Structure formats: structure tokens, C-alpha cells
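A, B and C are the chain letters, set down in written order, and residue numbers restart from 1 in every chain.
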Amino acid sequence: MSKIIGPALVAAVFLLGAASAPAGTPHLLNVSYDPTRELFKALNARFAADWRQQTHDSVTIDMSHGGSGAQSRAVIDGLDADVVTLALAYDIDAIAQKAKLLPADWQRRLPDDSAPFTSTIVFLVRKGNPKHIHDWRDLVTSGTAVVTPNPKTSGGARWAFLAAWAYALHAPGGDTAKARAFVADLYHHVPVLDSGARGSTITFTRRGIGDALLSWENEAHLALKEAGGDRFEIVYPSASILAEPPVAVVEANAARHGTTAVANAYLKFLYTPAAQEIEAANFYRPRDPTVLAAHARDFPTIRLSTIREFGGWQQAQRQFFADGGIFDQIYKPGR
Amino acid sequence: MVAIADTPRRGTNRVLPGFGLSLGFTLFCLATIVLIPLTALAIRPWSLGVGGVIAAVTAPRVVAALTLSFGGAAIAASINAVMGFVVAWTLVRYRFPGKRVFDALIDLPFALPTAVAGVALSALYSENGWLGGPLSLLGIKVAYTPLGVLVALIFIGLPFVVRTLQPVIAEMGADAEEAAATLGAAPARIFLRVTLPALLPALLTGVGLAWARAVGEYGSVIFIAGNLPMKSEIAPLLIIIKLEQFDYAGAAAIGLVMLVLAFTVILVLNLVQARLTARR
Amino acid sequence: MTRYARTPTEGGTAPRLLLIGTAIVFIVLFLLLPLLTVFSNALESGVPAALAAIGTPDALAAIRLTLLVAAITVPVNIVFGLAASWAVAKHDFRGKSLLTALIDLPFSVSPVVAGLAFVLIFGLQGWFGPWLRAHDIRIIFALPGILLATLFVSFPFVARELIPLMADQGRDEEEAAISLGASGLATFLRVTLPNIKWGLLYGVLLCNARIMGEFGAVSVVSGHIRGLTDTMPLHVEVLYNDYDFVGAFAVAALLALLAVVTLVFKSLLEWRYGDEIAATHRH
């Protein structure tokens, strides 16, 4: 037995050492929303290279992905994020209010309301568009199944909900009652709600469920690239919503880890032309006008509502997505 | 399942030392790692109140998920009962080339991580998979349907039945059967009247174990299941969904139901075991 | 297991061949094919691509984490197994079958439920959440949570291999040693341990396979932080959802290789020390 214990202890010590070796280089934990995996893979590589060049220091950025609302709750519950890059401002507001990990005016720290890029919601349909889905109203025809994530956990799902609402509101003869009826009808056509955008994409593309996917613009392009451009196509509706995914340093956590400087540099990096170019290449709409113009072909112009029309996120969340809000009232699964 | 052979009692004097220490340590570990967490699970749902718990557990989506998990496990266990019996019998009674390899393969579901089994089954039965392709030509869709869930549950339950039966078949020997044969009974009759009753207890134990394991299975199922609420959504997945929505009490309610049912089955199995051991 | 084979009592080649054929087809279909699929998919783009997938920083971190978890939890399980089997198998006391039922309990608890139970205790909404937060101790979303969840599911393995084995062996040798003046510890080390060493190794083998492969329980408590709290099975899921099939199956193949090695060692142990281990199968 002793012949086993000795080497085993040595191995254990080695493993423990190996496991904590990277602790030498600073680690940033970026808690992000669901579809940004490929984006941040590219961005992080570029930032690490730039950082090394500027400071001769290494930095490792760890990623966590999930539905924006779920990630927000996770950070409140103790997920040790240095930086959050979520789908909408409310999810970061919640961290500021409930866990007091960053100041209430966090959104003013960075340009463009702390959103280095924007996006919108589009439809992904099967190749050939057999169900002839061209606009929001086509989603509620009989026999059409729509896939979208759960607004309770996903940021993209909330943007999609608001986009649908705005469409019905601005349609000829539209009013609040009609908007509510339309959105209720829409969700009756949804067979399953995944917790995040990537889950819904997989349900649609891999599990073959649904006729249309309400998707982030960038996620739709990625699906074409990865899941087969010969099996799906993107449909731009007549109107959608301007989604502004914000970023912020979780100041209390960063201070505790001693990563404040590099965290700030990381977020500022997202606005640089090099980063904006990477974002555009991944089909996120860059803020930088030069880069946007260079990629204009990838980003069709459609009428985009904004969150301001809904009175800001605090009001929108309370009215639509909080417990007992309009979403809870209209969505009863299994009926 | 653990059966302790009767050891002759020597009064209450403990001849061997270390009983207190070992028992104490065992109880301590059990308490901290197993019992206290399960107690938390038992307590949490009641923050909803009795009515709340009942409402949470009888919601249509929850009932559908529990039905799929428990019912699917039952169907899979039944299939394993038949096929497991065939496999166990064959491995014990017959010789054929490569038998050792096949015998070793039986334990694969024990040794293989559930996530690996999950992606493997999902790839195997998808539309361009080795099995999914031919099956889809026949019009049978396995991946992302309840059928896929069944396949995964059969996979992970098989070794329980086979491994429980094998030693019993082996020990049973051929004497009773040979005696019945010399008395002129036909093979089918021998099987039904002599062999099967002797093996039934072990078969039931194995099926029970396979069922209990299948009820709680998560990793091998979620990749091949459609995860459609009311249709192909298993109970463990629903628990995770509720957790993600931070409905801790609702998740705990489902977990509690699963726990109570599973524990009941174990208790019954252990009692059956004890009775059988006493009778032998 | 050739020592169990006997000549069939039913006559006739046809039923025999039919049964053998059915068994073989079933085993190939349900067990062999899934195993082969893993390797086939991993090597779809060639060996270098598969090796590259395993060599990414996130994959290496996942491998390290899995090994670390095993390195910590296997010894704990050994100590627990030895203690539990010493108490249960070598002594008589009331409540013995209740204790053994409790030891078996984790087998029938869904791994997801196990993970959930720990979140209910250590998560921020749980019993100790606020206290842990105040003292900056991380259990959920960190290594300790993963260790606890893994311990829960792997607890019974060593114990339930050893208990029937030690019970079968009886107490005579130990009692003899004690009466000759040996201390309890010496008795345990010199008399008991050598008798059970192959059963112990067998239990450790199964335990380790379960630990390295655990998915459901760890999935709930880990936080899915790539490079930090993703074990190998979790990493398979991550890559699968990232559309990286070669990567996912490459990591899966590594785990499958571990499973095959486990099966081989298991067979070897049973073949050479079948008598001892057979005793544990009389459940």
C-alpha cells in the first residue's frame, strides 16, 4: 500500500500545482451572454496579443456563456466576474442594484451607453422558405412553429419579444391591445423555450424543430456558416429592434482580484478599430462609422425601434418580463 | 444491493476494536455528504406551502416530464429484462468465439461517462448516423424523439440486469433442469416452471436497479432527446430549467418527488433481498 | 467468466444459435456501435486534428480539473469505504440494514437532484449562502462544489464492493490476531487489508470511472466557466454546442479510452481474482 501512497501523494501535489500554475498570470473572467462564444474567442486572442505588446505582461481571459438573465443572476449569486458583457442594460442594472458590485451609473463609463456594438433580431428559416415567412405576421399563420428562447433567462428573447410588440404596435390600426394579442398569438406558436440563444439555435438547426427561429443577427449568420448554408436562409423582417448589448467592469470583484486596470483596458479595447473590425466580421454591427460603412453589405437597413420607445429597460422589464408581467400572463406552456 | 450473510452472534461484546471510530466516521461522512443535502432538498419545497408544492408538482409540464422519466424508465427496464435475460443466459451457458470480449462490453455503460454516451447515441441515431440513416429510410425517427430517450435508457440499464442475473444463473446449475428433463418435461416447460421461477428474484432486482438508474439519468439522454416540453422533456432537465430560472422551490419539489419514489423502490428491493437471503 | 460456463440442458442447435445470435446483435447494436462512433467521429478529420483539439488550453484545463477531482475524491472514497465496511461487515448492530440502505442511497438519486441539493445549501439563496458570501468562500461555481457533488455520486462504490467481501471473509482471522495481542490497527493493516486488496482495487476502478465521467451533478454546481470549472464531460457538451464536433468527440474519445482501459483492467481482475470478487456479486 505504501508503494502506492507515496507516488500518489507526489502526483496529487503536482496536479494541485499544475492546476494553480496559471494563477501566476492574471485571469479575467468575462461573463457573457449566449451567442458570443466565437466573437470573444477572436477578440480575446487579439487583446491578449495587444496587451503583451504594450505591457509585456500576459493575461488570460476565461469565458462563461449563458442566457443573459441567467448569467446576471449567477453573478449576483456569486459567480466571480471581473467583466460582464450582457445582452441588455437591465441585466447589468440588476447586478448593480441587487449585489452592489458596480455603481448605479455604470452605463456612463463608456461611450455609446457602454455598448461597443449593436445587433438586431432576424428570422432564420429552412432553405427555400417553404412556409413563406417574410414578416412578423407570417409567424402566426396556422401550423407554423416558431423557436425563440425564454425571455426569463435570455436577453435575445426579450429583444425579440419587444421587436414583435413594436411591429404590431406600429402596424396600421395597431394599438396596445392589438400588440398584446399579437405577441400572445406568437408565443402560442412556440413549442419550446430554451434558456439561451445558442440553445434555441441548436433546437432549430440540429433537432429540426420549428419553421422559423427568432435569432440574433450574428447568430443567424453563424448558423449559416456552421450548420449549413445550404439548409437555412436568413429573412429580414420589415421592422425589428435596435439591440444594444452593453459591457461593464464589475468593480468590486475586479478590485478584489487586482484586475481593475486590465479589465478597463479590455473593455476600452472593444471600441478600437481593430476590435470593431473583428466584431463586424462576426456580424455584430460596429459603432465605428468607417468600419460599418466598409461592411454595409452585411447589415441591411430596416426600421429599428429602440428601447427608449418602451420607456427604458427598467420600465420594460417591469411591464413585460418581471414575475406576473405580460409575458407570464400570456405564456402558459403545454396548452 | 448488499446482503450481509448471517454471522453468528457472540453476545454484545465487541471483540474487534475500532467499531466506534469506524461507525462514527461513516455516519459523519454520510451525514455531511448525503443526508444533510437531501434534507435541504426535502425542506425547500415547503416554502411554497403545501398547496404550492402540490400545484408545482401537478402542473401539466411537470407531470409530463415525470411520466416520461418514470414511464420511459419502466419501458426500458422491461426491454432490458427480456434482452438482458437473453444476454446473461447466453454468456453463462454457451461458448462462442469472442465471448470474453462481449462479456467485458456489458460493463461499458458503467464505465463510459454519460455525456460521452449521450453525444455518441445522438450522432449514431441522427439522420446521417450509422443507424439513424437506415432507420430514417424506413421512416423511423429516433433522434430527438421519445424513441431516442428510450434507446438511451436501454443503454444505461442493460448491465444492471445482466450482471445481477449472471451469477445466479451460474450458481443455479443444471441439476434441477436435468432432473425435470429425465422426468420427461419438454424444454419450454422446464424453462417456465423450473428455470424462470428460480431466476425471478434476481431478475426483479436487476430490473429494479435498471429502472432506478434510468429514472434519474441525465447526461446520456439530453443530447438525443428533443427536450420538447410535454413531449420529450425528462424530469432532470426540467429541474435544471427551473434552477436556471431561479425557481429553487419548484426545482426542489420535483427533486423531492423523484427522491421519494426512488427511495421507496430501493427500500422495497432491500426488503425483498433480505427475505430471499433469509429463506436460502 | 468461463468458470461459470456449463453445457446447455436444452438440446438443439437452432435455439442455441438463435439465442447467441440475438445476444450478439443486441450487444453490437446497443453497446459496441456507440463506442465505435465516438472514435470514428473523433478521427473524422484525421489524427492531427483530434490531437490539436485535445491540446487547446480549455481542453487541457478540463483534463487537469478532471484529474484533480479524481486525485482528491478517490482517496476520500477509499477511506470511507474501508471505514464503512469495517463497521458494517465485522460487527453486529441494530440498524445495519438501514445503514447499508443509506450507503446505497446515492445510487438511486438522480445526479441532477444531487447537484440541486448542494445548490440549496451553498448557493446564495441557500442555507449558508449569505454567510459564505460574507466570508468570501466559494463553494458553488468553484472546485469545492464540484468535489462535493462528485463525492455524493461516487460514495457507495468502494463500500459496496468491500462490505460483502469482508462479511464473506468473516471475523475469524481478525479475532485470532486480536487474541494473539495485535492492536486494532495492526490487525487491520496486516490481516484485513491483504485479504481485500483485489476487491478494493476493483472498487477503486469503478469509483474512478464514475468520478471522471460524472456529468449531471457537476453540471448543476460548476458554473460552466471554460478553463476553470469545466470538467472533461462538461467540456464535451461545451464543444458540442459550439458546433465543434471534432473537438467534442476528440475529448469524448479520451474519456472513452479511459472507459475501455477500465473495462480491460476489470476483466483482468475478475479473471485472476474472480473468487474474491465473485463474493461481492452475491447481492
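Assorted remarks:
Convention: contacts are C-beta pairs under 8 Å (C-beta built on N, C-alpha and C of every residue); 3 or more make two chains touch, one makes a residue touch a chain.
These figures come from a predicted structure and were not determined experimentally.
Both chain A and chain C are touched by B.
The chain with its Cα centre farthest from the Cα centre of chain C is A. If you average the Cα atoms of chain A and of chain C, the two centres end up 37 Å apart. Remark: chain A and chain B have CA centroids separated by 39 Å (rounded to whole angstrom). Mean C-alpha position of chain B lies 16 Å from that of chain C. The multi-chain contact residues of chain C, meaning those touching 2 or more other chains, are 123, 125.
Chain A has residues 66 in contact with two or more other chains. Residue positions of chain B touching 2 or more other chains, listed in rising order: 246. Interface of chain B with chain A (complex): residues 60-61, 64, 143-144, 226-230, 233, 241, 244-246.
Touching chain C in their complex are the following residues of chain B: 1-5, 7, 9, 14-19, 21-23, 25-26, 29-30, 33-38, 40-41, 44, 83, 86-87, 89-96, 99-100, 102-121, 123-124, 129-131, 151, 154-155, 158, 163-164, 166-167, 169-170, 173-174, 177-178, 181, 187, 190-191, 205, 209, 212-213, 215-219, 223, 235-237, 239-240, 243, 246, 248, 251-252, 255, 258-259, 262-263, 265-267, 270, 273-274.
The touching residues of chain A, counted against chain C in their complex, run 1, 8, 11-12, 15-16, 18-19, 22, 27, 29, 37-38, 60, 62-66, 74, 76-80, 198-199, 202, 226-227, 256. Residues 1-2, 4-12, 15-16, 19-20, 22-24, 26-27, 29-35, 37-38, 41, 79-80, 82-84, 86-93, 96-97, 99-114, 116-121, 123, 125-127, 148, 151-152, 155, 160, 163-164, 167-168, 170-171, 174-175, 178-179, 183-185, 187-188, 206, 209-210, 212-216, 219-220, 232-234, 236-237, 240, 245, 248-249, 252, 255-256, 258-260, 262-264, 266-267, 278, 281-283 of chain C are the ones that touch chain B when the two sit in their complex.
Considering their complex, residues 66-67, 70, 73, 150, 152-153, 191-195, 203, 207-209, 333-334 of chain A touch chain B.
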